[in-house]
Amino acid sequence: MNAFAILLQTLLLLALAPFISGCIKNWKAKLQTRRGPPVWQPYLDLAKFLRKDMVISEHASWIFRAMPYILFISTLLAGLMVPMVSASAPLSLFGGALAFVGLLALGRFFLALAGLDPASAFGGMGSSREMTIAAVAEPALMLAIFTVAIAAGSTNLSQMLLAAQGPTWKLLNPAHVLAFAALFIVLLAETGRLPVDNPATHLELTMIHEAMILEYSGRYLALIEWSASLKQLILMALLVNIFFPVGIAYNLSAPSLGLSLLWFTAKLLAAAAAVVVVETTNAKLRLFRIPDLLSAAFILATLALLSTFLFE
Amino acid sequence: MTLLTPILIVPAVAGLLCLVLRSRRAMELANVFAFGITLALSLRLLAAVLAPPYAVTESSEFFRADALSAWMVLLISVVSLGSSLYAGRYFRRDLAAGAVTAGRVKEFFVLTPIFTAGMFLVVLANNLGVMWFALEATALSSVLLVALYNRKTSLEAAWKYVILGSLGLALALFGTVFTYAAAVDRQSATLPSFNWSHLMLVAGQLDPRMIKLAFVFVLVGYGTKAGLAPMHTWLPDAHSEAPSPTSAMLSGVSLKVTLYALLRFHILTTACLGTPFSRTLLLVFGLGSMFLAAPFILVQTNLKRLLAYSSLEHVGLICVGIGLNSPITIFGALLHMGYHALTKPVLFFAAGNIHQTCHTLQMRLIGLGVAKVLPLTAVCMGLAAASATGLPPFGLFFSELTVLSGGFAAGHILVSTLVLAALLASFCGILYQLTRILPGTPKIARNANAAALDSVPAMGLMLGALVVFSVWLPTPLLEVMERARDIIGGVQ
Amino acid sequence: MNPLQSELASQWITLLAAGMLVIQLLMVVQRMLLTNIRLFALQSLMLTAIAAIVAYFHNAAHVYWVAGLTLLGKVFFLPWLLNRQVRRIQIHQEIEPLFNSTASMLLCGGLTLLGYIVARPFTSLERLGNNTLGTAITLLLTGFFLMFNRRKAITQVLALLTVENGVMLAAVALSTYGMPLVVELGIFFDLMVAVMVLGLLVYRIRETFASMDVDKLSQLKG
């Protein structure tokens, strides 16, 4: 619980999150032979939102005003629990992975409530859709993480990382591969990417995340957008670090941390590239087909869990 | 002189020959001739098997015939000969009526010998994998035979048959692989033999768990193809939609050949495990088949489906006989195989005649009075039906009696009573059904098909053989059956 | 063989077997017939790879033959044949299956568990990739499910072929050197002929029924 480590990781999270979002947007555009916004555009957007005035519906209650802060802080706390640059994460709450999932769920809960709060039709619709997806995505997420937890003997995310040391080809065991596949699908669902949700749409029939935050403006919107990018970064970091702990720093010396930062960024960009490719090559699924996709992820995660027992 | 190879080659060559022959008459003759030769060869095989070393092997143990195989070879040749004798006239009438094209008739005469050659390969192969391969070959050739008429119902029957049959064979292949794995399970550098005779020698050293699992797979797999309930759903469809000569062969021998393959595994399993595991399973499935067949016989509306369900019941009885595992019941089961193989084809031939005269197989459409329209057919059918229901003095009465008495004597009172009940039910069923069509005055005017007389040689031959062998079993035949019984019972 | 190489080979075989299983599950929910055929080809490719690894590891020449046959037959020839059938018949998509996607997936998950439980007593045996027996039995069970769940005839043929893949996997996994070459050849050619016969039947069914829906094949009852 080193305060310095916490501060560093917080800064890293806050700084890196919009960058990854920007990369994804830019590369998606390039893949579609457009020029696309520059990679640092999200920073400029955040700055713009922070400057602007807010217009709040008269029907909104305290939830509307509180939600951005709750979302931001819970996401940040969850992010502090994930080992990013060093193998031991700065924060380690009770239950490790369980607390991680719980914090993300807390944020999502308030997000859904705030979608309902201003009594707009779009908001309610977005909230219900979000909860439907979450109901199927969360078990898959948990099972995938538990697969690795069982192999590591602990739900502490740092422990999982330490247990994954060893020759690289050992990472090719079926449990890992299946859990990775399941977690990747869950990543697409949780961060609202195609084929689950189109992050760039504002059409009533197709938006999920956008619908919930439609009423937000000004600095609340800035916080919410930042939280979304944070969640994306955190899940990607979880994915790449737990399953490919290459180049992570096991001691806290400055050169190893620096090297680890480079490795980390490279892995994140690779994951971002994978997301871009998947987004560009797939059409958005119709809403009632999304549980099909997520149950596929669930089955993959279940298989992964079974594999740890059966593929001894 | 080599005995086994000609038995395999002659039908295969005949089939391929029919590909190039043009005249239908020539094809008929080729078939009859080929099956005549195989009958002669099978009689010689019977004699050869009775002399020590009581088994004929060829091609370095690749083919092997012991008493059980010789018995099966005899049955296959007799039924194929009868079918080919009948087939000529049958297709002549069908061609005249326009029910088939000449191309399809040629298909029949090409596929049937190949089907028979496949069956011969099953019973003569020593290698379990080759046995599987031969069964798959018979399945594929018979599928095309079932689909011969290309009607909607024929295609449906053929599709069900091929899907269920292939599934069953895939399961059986699993079982075969497991059996092989049980033999491999030692750190040896050489490939173990897949030959049944060799496996029997080392039966005590095979992994028992694997053999158990293998037997279960083989039972369900080959059982599907043999028509054991509850995997029998393809049977009534396939046997009723096929042309009558093919139905006769399917019901008459094909089921028993598959049962033979199952029996080889049963013998191996019992030798390895020494427990009643495999025969209990056989008993259960056999009883199940018998009881499943009875109600369907009672409510049946289609003549050939009735005969198919009757086959189901008889196959069940054979399984029960083997499952009871006393020497008497096994002997009874073997007798039953033989007599049923003589009886069922006659029934199917008669049904074929009726079908061609009345142009329907629905019994209420056939109506009463077949005896007046087709007197000879009706006589043959009546006699064969009496035999199939187990009436004396026909052989099936003796075989059923043997099985029952063996069962009661060995103390399996419940099982024997159940068997008796099932036999009684089917007896009533078949009797009832046939009284709906045979006696009485025909209400629908039908011209007696004069050509129906042509099929009398075929039916007469088999019926005659049935009557003769019901009352007199020549000693060599008895000896062969006793040896076969010893092989199944595990007595060496 | 040094233990490290053995473990590496075992790891790869296990991974490929798991891949075969995942593809099987994908086939259960995939509706486009052409994609299903491609998935089958991919599954057979993984099987070829497993056979090749076993052959390399044990220096067993005839298993190379098996791998080669599988490659030629199941990865190239059969998918080509089936593709031709599908294009001839002009039906490219399955209709609504008996169980919907989610239920199918869950059922197959259950069948996987069942397969592994059945194979449990045999996984203690010392051999390469010893846990692939469970995968083989699961392929069998899910193949059955696929056959039962779907209604187009071509999918049933594909289901049968995946069951055969499972059998081959069991043969490679269980017997150190595979089955005798004669048997393998026989099984292989049988399979080819079986698919041709099936294809012929499918074509005749299509001509007579004007549909590939096996639900229409339900006239014969009782």
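All chains are identified by letter, namely A, B and C, in their written order; residue positions are counted from 1 within each chain.
Note that in this section a contact is a pair of C-beta atoms (placed from the backbone, for glycine too) under 8 Å apart; a residue touches a chain by one contact, two chains touch by 3 or more.
Note that this is a predicted model, so its numbers are computed, not measured.
Trainee: Farthest chain from subunit C, comparing Cα centres?
Mentor: A
Trainee: Name the most central chain, where centre means the mean of Cα atoms.
Mentor: Closest chain centre to the overall C-alpha centroid: C.
Trainee: Hey, how far is the Cα centre of subunit A from the one of subunit C, in Å?
Mentor: Centres of subunit A and subunit C (C-alpha means) sit 37 Å apart.
Trainee: Mind checking the centre-to-centre distance between subunit B and subunit C? Centres are C-alpha means, answer in whole Å.
Mentor: 31
Trainee: Mind checking the centre-to-centre distance between subunit A and subunit B? Centres are C-alpha means, answer in whole Å.
Mentor: Spacing between the chain centres: roughly 66 Å.
Trainee: What part of subunit B is in contact with subunit C in the complex they form?
Mentor: Contact set of subunit B toward subunit C: 127, 129-130, 132-133, 136-137, 140, 143-144, 147, 150-153, 155-160, 162-163, 166-167, 170-171, 173-174, 177-178, 180-181, 184-185, 191, 194, 209-210, 213, 236-237, 240-241, 296, 299-302, 305.
Trainee: Looking at the complex, which residues from subunit A come into contact with subunit C?
Mentor: Contact set of subunit A toward subunit C: 169-170, 172-174, 177-178, 181, 289, 291-292, 295-296, 298-300, 302-303, 306-307, 310-312.
Trainee: Per the contact definition, I'd like the list of subunit C residues that touch subunit B in the complex.
Mentor: Per the touch definition, subunit C meets subunit B at residues 118, 121-122, 125, 136, 140, 143-144, 147, 153, 156, 160, 163-164, 166-167, 170-171, 174-177, 179-180, 182-183, 186-187, 190, 193-194, 197-198, 200-201, 204-205, 208-209, 214, 217-220, 222.
Trainee: Spell out the part of subunit C that touches subunit A in their complex, as residue ranges.
Mentor: 8, 11-12, 14-15, 17-18, 21-22, 25, 29, 100-102, 105-106, 108-109, 112-113, 116, 120, 123, 131, 134
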